[in-house]
Amino acid sequence: MTETVPGWLAPGELESIRGRMPILYVDAVPVRLDECGAVTRVGLLLRIGSDGAVSRALVSGRVLLHERVRDALMRHLEKDLGPVALPQVPPSPQPFTIAEYFPTAGVSPYHDPRQHAVSLAYIVPVAGDCRPRQDALDLIWFTPEEAASPAVQQEMTGGQGVLLKQALAHVGRLP
Amino acid sequence: MTETVPGWLAPGELESIRGRMPILYVDAVPVRLDECGAVTRVGLLLRIGSDGAVSRALVSGRVLLHERVRDALMRHLEKDLGPVALPQVPPSPQPFTIAEYFPTAGVSPYHDPRQHAVSLAYIVPVAGDCRPRQDALDLIWFTPEEAASPAVQQEMTGGQGVLLKQALAHVGRLP
Amino acid sequence: MTETVPGWLAPGELESIRGRMPILYVDAVPVRLDECGAVTRVGLLLRIGSDGAVSRALVSGRVLLHERVRDALMRHLEKDLGPVALPQVPPSPQPFTIAEYFPTAGVSPYHDPRQHAVSLAYIVPVAGDCRPRQDALDLIWFTPEEAASPAVQQEMTGGQGVLLKQALAHVGRLP
Amino acid sequence: MTETVPGWLAPGELESIRGRMPILYVDAVPVRLDECGAVTRVGLLLRIGSDGAVSRALVSGRVLLHERVRDALMRHLEKDLGPVALPQVPPSPQPFTIAEYFPTAGVSPYHDPRQHAVSLAYIVPVAGDCRPRQDALDLIWFTPEEAASPAVQQEMTGGQGVLLKQALAHVGRLP
């Protein structure tokens, strides 16, 4: 017998809904700050994709039914960075931008072959120790210059490299 | 035979999804500007609710599958304000805030008994003539002072009065 | 003999410049956050004005020559809240709004009889202990509801009550 | 006899103040929008610098005493783009970023050898015909890709190329 956890979907349900409606996501850009609040490092997850390819990624995931956006951010940050990362979700619910991921490439800078997803993107200072879990192998801290470099940008997929550069621009650290 | 229009759902489908996932919406606050870009008036729709009650409302609606947020805004603005309203959707996709409507009152300032909806809220200057259509009886232009007054606020439902005050604060016109 | 400290002005110089040019300020709204980043309290300084009147105020002050806005915020926060307040100046330099204080009342919601000042306003989470210094007697933490109440609003001068409500709106906590 | 125009300074006064206090500026990024509000072109002024060098520049200038930021934007836009450009100064006073120009290079991405200036930066849709005046030879409309290209970036001085890329990021058009 399957118990129903609110917000979690039975097998097949997510796939069914993906063909009918845009799916709400959050994207978080983990950053380290100096003592004055200026961004010194950006954190990227090292992931192995379903096709075995290595890629770098932001913290990202779906907002569940009856879940606040703020709680979805906390849940995905804890899932990806571990329990002692001490993420500081910003006080304002205003995202610094939205990313519209379309299943057809080229409609926007963002692409997700599985679905039409709309993501609310936030910059999240992280003060504690990060211990990636689940499908992330590691979290690497890059300088803004490294994060915007072609070497790192080409390891990011689905337009997350563009989203990362938008985050750097928003904090005044785009090289 | 039913033809499938992309993004539009068959009868019953929306109700089915509403119980499984947050639904993505847009809210638009129509404004009139003076020659320097300062807000002089805020536009509110006069609606008759399903229970016959008169209420004032922002332009609001769902984002469809494969539809850009920008196009959803244009579609709902044209639907509610008519074809010659000349709405100026802002160049940045960043909403001035998000409104999280929960089916349970009190979780957030926003409440929608039908569903969990997350709305991206934008301020939209409107330069042309507004001719409300569909279920809206009229569009009335209020001064910022009138819009924030208890008389108007109590005619707004689901927390849209709060969202309107947030919009006024964002444009520097909260009394 | 007077030594020249960069950015600090000799007696009379500030008064002289005030009659010639807008003066750049920063305003900071100190907030307490819950574990998810939502604002739970707003901090207001209790001050005695030059006329002996009691008032409540935001952290506020001038940006000095060759000083970064970020450093000006840190300096005024430490001056007003003490050395162990642990203020978290936000990573983005974008203010949530600007406040234009004019010497003539009524030009904007903000008024400063001494000068034309333009202030960049930021919301600053404060994690440590606040020990007001200098001309501030105390720092009191208010709930968002209390902060927006007429009782508190009428104890704020120069339009800072409006600025406080704009801050509450920006963090989604305007009652 | 010299008449005193409010806000305008006598010869030598600006130079004197520049050594004492940060000077408040505005920067405007002129853009063309499509019918849905998406940015299609960015306008750059072609200028001849005091050293005879050709450069591309944003609309930029000082805020005068007793002048609202909104009015300073309109004044500089009319001065640089002519009387029929129909600039649409945005309804919110919140700049998309601030640019801190320091006389010493390297303190920030922005540099002005004459002074410490802090500029409030806005994106301004322009609907009419632009007829550059004064020291601008021409206004050229670039695609976002062209505007972010090395060829255009290296023709911009004082860090305005970085500011332009931040504007493109804010409107979701950074390549």
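Labels for the chains are A, B, C and D, by order of writing; each one numbers its residues from 1.
Criterion: a residue touches a chain if its C-beta (ideal position, glycine included) is under 8 Å from a C-beta of that chain, and two chains touch if they have at least 3 such contacts.
All of these numbers come straight from a predicted model, not from anything done at the bench.
Comparing the chain pairs B-C and B-D, the larger number of C-beta pairs in contact belongs to B-D. In terms of their C-alpha centroids, the spacing between subunit A and subunit B amounts to 28 Å.
Subunit B and subunit D have centres, each the mean of its CA atoms, that are 33 Å apart. Within subunit C, residues 68, 92-94, 96-97, 108, 170, 172 each touch two or more of the remaining chains.
A complete topology is adopted by the chain contact network, contact being made between every pair of chains. Across the complex, subunit B meets subunit A through its residues 9, 13, 17, 19-24, 63-69, 92-98, 100, 102-104, 107-108, 116, 118, 120.
Within the complex formed with subunit B, the residues of subunit C that make contact are 97, 108-109, 162, 165-166, 168-170, 172, 174.
For subunit B in complex with subunit D, the residues that touch the partner chain are 31, 33, 35-39, 68, 70-71, 73-74, 88-94, 96, 123, 125, 170-172.
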